[in-house]
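Input: structures, listed below.
Shared between the two complexes below is subunit A, which pairs with subunit B and subunit C, respectively.
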Partner chain A sequence: MYRSLTFAVTSFAFIACAHAQGATQDFSCIERGHYLTTLSDCAGCHTTAGGKPFAGGVALQTPFGTLIAPNITPDTDTGIGNWSDDEFVSALQDGRGRNGTRLYPAMPYTAYTKMSRDDILAIRAYLNTVTPVHNRVNANQLPFPFNIRLAMMVWNWLNFTPGRFVADPHQSAEWNRGAYLVQGPGHCGACHTPKTALGGDKTGAPLTGATLQGWFAPNITANKHNGIGRWSKDDLVHYLKTGANNDTLASGPMAEAVTHSTSQMKDADVAAIATYLLGTGQGGTDRPTPIAADNPTMKVGAEIYKDACAPCHQDNGQGSAQLFPRLAGTAVVQSDDPTTLGRVVLEGSRAVATNSAPTAPAMPAFDWRLDNDQVAAVLTYIRNSWGNAAPAVSAATVAKQRTSLAQSR
Partner chain B sequence: MARKLPSKNVVVIGLGWTGSILSYHLAKAGLDVVAIERGPWRDTATNFPPAYAQDELRYAVRLDLFLRPAQETLTFRNKADQIALPIRNFAGFLPGNGVGGAGIHWNGQTWRFLPTDFRLRSHLTERYGANILPDDMTIQDWPVSYDELEPYYDRFEKLCGTSGKAGNLKGVKQDGGNPFEGWRSAEYPTPPLKQGLGATLFAEAARKLGHSPFPQPASNLSEAYTNPLGIRMGQCSYCGFCERFGCGNYSKASPQTCVLPALLRVPNFTAQTESEVLKINLDSTGKRATGVTYVDTSGKEWEQPADIVLLCAFALFNVQLMLISGIGKPYDPVSGQGVVGRNYAYQTTSSVSVILKDKVLNPFIATGAHGMIIDDYNGDNFDHTNLGFVGGGYMGAGQTNGRPIQTRPVPKGTPKWGAAWKKATAETYQHAYSLSTHGSSYSYRDCWLDLDPTYKDRLGRPLMRMTFDFHENELKMSAFLTERLAEIAKAMNPTEMQAHPRKGPYDSTIYQTTHNTGGTVMGDDPQTSVLNRYGQSWDVHNLFVPGGASVFPQNHGYNPTNTVGALAFWTADAITQRYLKNPGPLM
Partner chain C sequence: MDSKVPLLSRRTFLTSAAILVTTTASVVHGRTFHQGMPWAPGAADPPAQVRPGPWAFFTSDEAATMEAIVDRLIPPDDGGPGGKDAGCAVFIDRQLAGPYGRSDGLYTLPPFMPGSSTQGYQNPDSPGGRYRAGLKALADHIRQSQSGKTLRELSTVDQDKLLSTLEDGSIKLKDIDAKAFFAMLLQDTQQGFFADPIYGGNRDMAGWKLVGFPGARYDYRDWVERHNERYPLPPVSIMGRTDWVSKG
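Let's look at the complex of A and B:
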């Protein structure tokens, strides 16, 4: 049983992509590497919008400062053309780049470590085929003392467990494939797993939601209150494949993940991810008591909602499938952390466009029209109506978010 | 000197309804397509956010989405013996500008012409004898039949998700629909909109008088819908901000809502906005277009060579570009010879306003195209013997909005300003309703478009000159229709009622409609038409005018957009299925 599961998980590995000398140019390895590059969403960080593929340059805002994703084209001067296979594998599995340079975990080696050497070398084989681009990137723009890469030795010791994926023999092959994709190449936890003060994963609560880059990536466990436990497998598959389902539409950083990665995954892999996510954990907070409808803030929020939100999201918070997200009973709305909710009200956001869901509707910005008290009231109302329950949002929280959004523009 | 760009398979002039439909189909067929649009880029998500799209002052009063006369205008006169003057404020009709064109600011009224409309001259002559037509009336049969166009109407309605109730499914009459309409191959894509009280009262009164009221076909959707391009549309919220506005609820069909999201994903399509086409270029024989020359906002001129040129601008500017480019023989009303600019027509509208003191009508709950309509007096749905006119129109209760700045009905005798006016407008708002007729405008020898001899545009090109007035036939028709409407209005037991039949002369400073038609008419005879039945120029075989209202031989008693859209699909099929296989004259 165990052996067959391992086989299923790494079922691509018919052709070894590792050689003692010289990079492989085997077509099957390149094809497999191309797909693994999609699964791993390398382009999400290493290709700028409209830029040359994998030439680097995307800025990542971390709580510690800015990192710029480097050039991973085969350019020998500014890319990774001169890297040995061992150096490339080490970067992904151990967070150690060329000559042992320590990478920052914005590069999700904490997830990629689950990938086999052969899978990683397939990625390398593919990256060797993309057009080399001369583009020098100064990756490390962190302030002192975070700019000292050696500090990552301590960080790794505290936060990083290297090691390949090990299948769970008690689970199905599909579940294990999903687990591999989520924990490994898909690196879902990079955004969705809560972080410690040092930016490491809170290992006790994987995928239960986290705030980064001004967005709250919601709980994607099967929690029915603030996770995705109300979704069927089909709902989740549809969301990942098209960026939209009957409840919601992907926007913000998830729109990028859908564009570059999940919409291009094979149907079986998306189904495996859904099986794993909906079959794991019930992490997250329990349902609190909703704030009563006759609470004064709720009453103000109800009026604002009727005026500004109801035409699209409907009086009953049901929204309109594939167009305007449902607000009743959804994860982002009921999350303890209202960052995403506040952000889309203040700044608006645009849904992703995919070939099967090309509409790409948008939430308009309301920052010019609603003051902090009004945004707080309408958010509190949305979070505690139609069966929803979540802590009230304060005007101070909205004020802080308004300031930080203005600064990041 | 224009800089020459790499050649494309297709250059599309104007990215409104017809331009976006043609671009989509030809790009999907594998052709390299560039659309050149005079105005700005606009998309639903970015430009019509519901957070501010319902701004009456900005859009309805200051006309934010429309063409500015400083960019392009035309000169106008009623009669050939007058000197035409430039229109310095668009008022009587409002040409659109920018991506989406008039398809953004329309009301969503989605009508098919009657089967008899397509063979108008033959039909009227057969039924009444040739003497019923005034000597100077130049109406003619369409080169396509209703039966041929039916599948294309269906395609455009499905693109838009049009809401309505069929009255004739494959020849079988349907209760609740329009009993006079031509046969439909399918029900409307979405069911009819809900009706307000004003429309409901009108329908009751009309039924009492033996008419057959039915819900107006609307591309303001009654429910969420996914169109054949995979684009999702939302349920109308009845906000009443349709005409002159973009719809950020994805409820009113428009090129940006219904086509562009899919079109933009076709890699062999590009759009060049804020760029005005100066002329269509011809080769030395004058029988083949080589592309277009356009100017960008920096004043740089570019030549875009192309194998096929599609003229998809607004009706009036299609005519202007043909004249400026020297394609087709300009129409001369004295000799009656020539074709470009011939058979300009319009629309003949009128209204009856009622005040129903004991009813609360909530007129602000509205869409651009809901309402209850009767079609008993349209086209030749009624006997014209001894009436002294031909033509007709639909009529009904379809008040499109109750917007606060411009909806200020008052009883007769109210002062035009001051405290008494304010009091009256506050008291009347909830109880007033406007009923309207929407009548045909047939074409005449002395109504035409040509190049103005005096006035030039900012680019040095002659402005187009419009010579148009209402004729006795249309004014009699409007009087007749307005009387019939007033009879129904009276049956609503109004406290007060005012009938406003259309009176001449045509006044270009009072808004009536933007249904300007004709000038590049399609027909079977090159002596009386600019285009053959496929929308292809008789003179320049690689130039098509795919269904702008400029191709109408005359205007019928319906809003033009559905026919414009159907003809766009019709020409798209003719190009992909016939022209591409054997480029040359299709007739």
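Let's look at the complex of A and C:
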């Protein structure tokens, strides 16, 4: 009896969803698809805040212009109700829309291509159960020449190699599970992998940090200087589960990824992600020489820090666990790209609230109180104090960011 | 009593508000906030910084009188600048030009009855109107009693004498309660001397340096238990302090 029970449990986990279209109303297949949909954060783009699930309408800012995520409810007229299974699988694995049109890579098929047909059909089975919504979305808002879908052929040719995930036999099953989640459904690289001028992934440096939507998604490899190499597995698990740990709190696009996706992952899956990220090669510490404390800019920065920042982040940059992020020794502060820093100081930021970390503390905006020179000075200071080391931030960089943030509000 | 009939008396306002509540109760729903209070990026709502420049409320004669008065109420000495150099007249000028000067947001409809000392000012005139009338009456009085002079043409000794008579009410100004006018001048000058420099007074935090107030800081956890010790950090205003600016 006990034996057959375990058998039933395992077969539940691996239930195949061979035909999502039509017949499959299999509950376990749908449940698995539901979970995969969460892992993949389809809702993050295809559901607007407060809108009907998967009815589309989220506007995505890409370096080339705005794209709107379409309606993927089973509505036959404006959704994907009429799509065949093959068409659906091809959208996720090959970046092909209906009739073979080429999708823009804002839809992260460059990651979803790692997913098996079976996983994708489970997602389809789940999407078939959501309420059909009549909502016509014109995805393509790009300016010429990026609005020409055919251009994607060139893009795909340069940047995209379709192909399923291949496990590394030298690594543990947990590591491989983590690798699959990060590279496939979790599409962490969509934000964390640096991009080429054409917006494709720089395949030589996966997950080493990239700018998007006015934020910098830091290096999440085990690099000890500007990555998360100093974090324990627990630190990382805690961050993904709750949006906060003793070092930092998630905000901006990562707050959304935590809310919709990582906080809802099974514990074993979050642990697998941590094992993979902390167990990947790039453990280097290419640390530049810090700027000296008696540099005039550093001195001004120190005065501003003492008066305006230290009340929360403390004189020694240690912050206060779960409330005020640590600034000493963290990836966010020492990344080459200071985008997140400038934005957080200029317009403030609110950390994510999850059920296990519901406080959502906010950092106040300083745009009205500090001019560009002052923001640059205080950032240069925090990047080069308490053992930190990173290039200075220029007033010109801050000025540009001030303008673009004001425009985006 | 005032002959104007107010459009809406307090009582009718209360009853009409009650009707509003009962009739709308079924459609109005309270908003429920999940996950904390609403927050928006870049939504700080700081006070506008007062910049040096022309007078906003006072005429140039009034301003000259005010600068002389604030410099007698807080005379310059070894401890630092007086009321004039600390910007007290500028502070009062900008306050009178703004909502405070116009009594915006205060209930100023009749009935007007004498209040108790804790009830504050009970008459319809706004601070702006009271300054205008008070300064005019004072100027008229000085011109008549001091052979055509203005206040700033008097010696500081005479200015002090005059202000003392205002303070004890022994001077008689036409239609003006001298004592109340003096009390207002003194209070506003003090506020100009100690308010954050963002409002135009307390220049270079002169007032704060004098009394050792550390300014717009907000974390004294390390100091709560340390009595009778001098706090080492210099004062900081809402808009910072001179060390926030590079001297390079």
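We take it that the second predicted complex is superposed on the first by the 390 of 409 C-alpha atoms of A that agree within 3 Å, B and C clash if a C-alpha of one lies under 4 Å from a C-alpha of the other, contacts with A are read in each partner's own complex, and residues count from 1 in each chain.
The working rule: a residue touches a chain if its C-beta (ideal position, glycine included) is under 8 Å from a C-beta of that chain, and two chains touch if they have at least 3 such contacts.
As the structure is a prediction and not an experimental result, all values here were calculated from the model.
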(request) Have a look at subunit B and subunit C on subunit A after the superposition and call it: clash or fit. (result) clash
(message) So in the superposed three-chain picture, is A:T73 touching just subunit B, just subunit C, both, or none of them (first/second/both/neither)?
(response) neither
(message) A:G348 in the overlay: touching subunit B, subunit C, both, or neither? Say first, second, both or neither.
(response) both
(message) By residue count, which of the two partners contacts subunit A more extensively, subunit B or subunit C?
(response) C
(message) Just checking: does A:T37 make contact with subunit B only, subunit C only, both, or neither of them? Give me first, second, both or neither.
(response) neither
(message) Once chain A of both complexes is superposed, is A:A360 in touch with subunit B (first), subunit C (second), both, or neither?
(response) both
(request) Kindly classify A:S320 by the partners it touches after superposition: subunit B alone (first), subunit C alone (second), both, or neither? (result) first
(request) Have a look at where A:R369 lands relative to subunit B and subunit C in the superposition and call it first, second, both or neither. (result) both
(request) For A:L405, decide between first (touching subunit B), second (touching subunit C), both and neither. (result) second
(message) Tell me the contact category for A:P311 with respect to subunit B and subunit C: first, second, both or neither.
(response) both
(message) In the overlay, one of 146-154, 218-226 or 236-244 from subunit C clashes with subunit B and the rest don't. Which one?
(response) 218-226
(message) By the touch definition above, which subunit A residues appear in both interfaces, subunit B in one complex and subunit C in the other?
(response) 308, 311-312, 348, 350, 353, 358-360, 362, 364-365, 369
(request) Would you mind writing out the residues of subunit C in touch with subunit A in their complex? (result) 35-36, 39, 41-44, 46, 217-219, 233, 236, 238-241, 243-248
(message) Help me check something: in the complex, which residues belonging to subunit B touch subunit A?
(response) 44-46, 49-52, 224, 226, 229-235, 237, 239, 248-250, 261-262, 264-265
(request) Flag every residue of subunit A that touches subunit C in the complex, lowest number first. (result) 296-297, 300, 303-304, 306-308, 310-312, 346-350, 353, 358-360, 362, 364-365, 367-370, 373-374, 377, 405-406, 409
(request) Would you pull the subunit A residues touching subunit B in the complex into a rising list? (result) 244, 308, 311-312, 320-324, 348, 350, 353, 355-362, 364-366, 369
